[in-house]
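In the two complexes that follow, subunit A is the common piece, with subunit B as its partner first and subunit C second.
Moving on, here comes the complex of A and B:
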């Protein structure tokens, strides 16, 4: 059984039972899962985790759904790749790539959806739903298929082919909305209010978002129960950003990090900061949709919503639900906000592919370009341990990089081949 | 009767306009503010609206037409 004690409003601290709730009834603030950490600390250990399944469910003691029979298509436990070639190009000697593009439905969303789907089944829902610019739709459809329940996915009608097919293949009811993102939002809020469905980012949101903590746990475990000095993370709603930070702090408070003494979580579990957690949290957003980074740069405490217009559709969320909380994490951790010009997104994708053999989608291009800025400005020093989170797969956004296709066109003769080869100075026998 | 929870975001000059007052006066809508943060240049208000469905829709259309942004209370529902 999960060690959940209930839900708590992030704004007014009112408490609720662990049910399928959306926002606080009183102030409409977001709800967060509360844990019984005293009991967790009695059972959890690095050894117990290491004997768990090779998926996010190895951290089941810290997840809000039961790990006994999870909806698990093996999300998580993705490679942490040392990146010497990219590091050399950027002047960083201690760089790692967390390659979450190799999840079952090819993005980190499998982590959050595995938790949401497990919870939805626990609550007895028969339909799993979401509104998505692609990755989430793929993951919801895949997990619903695995769970044997129905899925309904709402997508904007202008989505990349790889994402549409990558979701449709699992057999969801797919609704392509011919309207602006605002209109998709309005429609889906209404559907959420009127249908008895588990909407992963509405009534499952408190549970769903917790799945992203595993991106923090895994990196720590893969580094030998240490934390990086810097992380670079792409943000849309800002939820993953806050949860990686929360994951680091949970490990520290539970005494799971090497050489770090346990500490009480205190009354406000969701904002606890263990002094041993010194990781600087750097956020990456594309210029065409950067509400959180803009607020950070302007020193604001509020996040002004924007109308997204970005090639990085997976990050194109104009009114980020966790924007202000992510902003606080940037500040608390001594991190930074980084906007990447739209024209640099594809350069980032290519740079990672050409140096490390990892093909990421536009969100990953944003991360690599932001990493480059941070290295060039000296915000990240050459020897500092840095992890860049690559959260989605390049095969889903092929349209963005079609220009790379430029083969030697030859007749099936050796002379034709050699003639063509000689025209490309870069290629030698 | 219908009930809707929304967030209004005001920018610069609009911060000073009595939008919520007029929404209650000019439309058959009862407004109930739950949380707000209004600064000099930017402000938001989270509120609940009670009224007939069509009337709420009409009211929200008017609010949007003034340049105030209307969103779901919990931020964007659509995700990446």
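Moving on, here comes the complex of A and C:
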């Protein structure tokens, strides 16, 4: 059984039982999962984790759903790739790529959905649903197929084809909404009020979001139970950004990091900061939708909604639900907010592909371009251990990079080939 | 015909379970005052101590976020549909 003690409002601290709730009845603040860390600390160890499954469920002691019979298509345990070629280009000698684009449905969303789907089945829901910018729809449909339950996915009607097909193939009921993601989300919250469905990012959100903590755990484990000095993370709602930070701090407080003494979580589990966690959290958003970074640059404590207009559609949330919390994490960690010009997004995709052989979607292009800015400005020093999170696969946003296709057109003869080759002066034998 | 106000789950305890109520057209400040007189307790859930819309509450008039309109001064007319939606969105749980 999971070590969950209940839910607690992040704003007014009112407590609730661990049910399918995500909003405080009193102040409408978000509810967060509370854990029985005393019991967790008695059972958890690096050794126990290392013997677990090669998926997010190796961290089941720190997840809010039971790992005994999870809805698991093997999300997580993705490669942490040393990136010497990209590092050389950027002047960074200690750079890693967390390649989460190779999850079963090709984005990090499999981590959160595996947790949400498991919880939904535990609660007895028969329909898994979501409001999605694309990747989530793919993952919800895939996990529902695995669980043998129905899925209903709501998407903006202008999504990239790769994401639409990547979701439709699993057989969901797909609802294409003539509007932005924020409008889709609003519609879904009203649908959720009227249908008994498990919306992974609405009434399952408290549980769902916890799945992103595994992005923090895995990087720490893959680095030999230590933390990077810098991470660069893409942000849409801001939830993943806050959960990576939470994951780092949980590991530190539980004494799982190399050379770090355990520490009490204290009364406010969700904002605990272990002094040994010195990772600087750098957020990456595209210029066409950067409400959280804009608030950070202006020194605001609240996030003003914007109307998104970005090719990084998976980051195009104008009214980010966890924006203010992500803002606090940037500040607490000594990190930064970075906006990337729309024209640099594709450059970032190409740079990662050409240097490290990793093909990411537009959100990853935003991350690499932000990383480049941070290296150029000196915010990240050459020898500092840095991890860039690549959270989605390039095959889903092929439209953004169609211009790269420029083959030599030849007849099936050697002379035709050699003629064409000689016309491309850049290509040498 | 007045305006139709859709009530989210967290407020339905105060509206006796009603998921929508009819109100006379006005601006949103007056509408919330009217809601409060019919359903005491609603106002403090929506408006903070400075008289502003609470951070985690979104109000939409015909699907448009009032933060992009005139905020709480936004006026409504007969036939409008108003949605009150938690910013992190709601949910029913199981029936």
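FYI, the second predicted complex is superposed on the first by the 425 of 429 C-alpha atoms of A that agree within 3 Å, B and C clash if a C-alpha of one lies under 4 Å from a C-alpha of the other, contacts with A are read in each partner's own complex, and residues count from 1 in each chain.
Throughout what follows, a contact is a pair of C-beta atoms (placed from the backbone, for glycine too) under 8 Å apart; a residue touches a chain by one contact, two chains touch by 3 or more.
The structure presented is a predicted model; accordingly, all values stated were derived computationally and were not measured.
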| item | value |
| --- | --- |
| Subunit C versus subunit B on the shared subunit A, clash or fit after superposition | clash |
| Which superposed partner A:346 touches (first subunit B, second subunit C, both, neither) | neither |
| Contacts of A:183 with subunit B and subunit C, given as first, second, both or neither | second |
| Partner chain in contact with A:63 - subunit B first, subunit C second, else both or neither | neither |
| Which of subunit B and subunit C A:315 touches, first, second, both or neither | first |
| First (subunit B), second (subunit C), both or neither touched by A:124 | second |
| Subunit B versus subunit C as contact partner of A:363, first or second or both or neither | first |
| Contacts of A:390 with subunit B and subunit C, given as first, second, both or neither | neither |
| Which of subunit B and subunit C A:20 touches, first, second, both or neither | second |
| Which superposed partner A:302 touches (first subunit B, second subunit C, both, neither) | both |
| Common ground on subunit A, meaning residues reached by subunit C in one complex and by subunit B in the other | 11, 22-23, 26-30, 131, 182, 185-186, 188-189, 192, 199, 201-202, 205, 302, 304-305, 319, 321 |
| Subunit B contact footprint on subunit A (complex, rising order) | 11, 22-23, 26-30, 109, 130-136, 154, 156, 181-182, 184-186, 188-189, 192, 199, 201-202, 205, 236-237, 300, 302, 304-305, 313-323, 363 |
| Contact set on subunit B toward subunit A in their complex | 5, 9, 11, 34-35, 37, 39, 42, 44, 46, 48, 69, 71-80 |
| In the complex, subunit A residues that touch subunit C | 11, 19-30, 123-125, 131, 179, 182-183, 185-186, 188-190, 192-196, 199, 201-205, 302, 304-305, 307, 319, 321, 324 |
| In the complex with subunit A, residue positions of subunit C that touch it | 6, 8-10, 13, 19, 45, 54-58, 60, 63, 65, 67-68, 83, 85-95 |
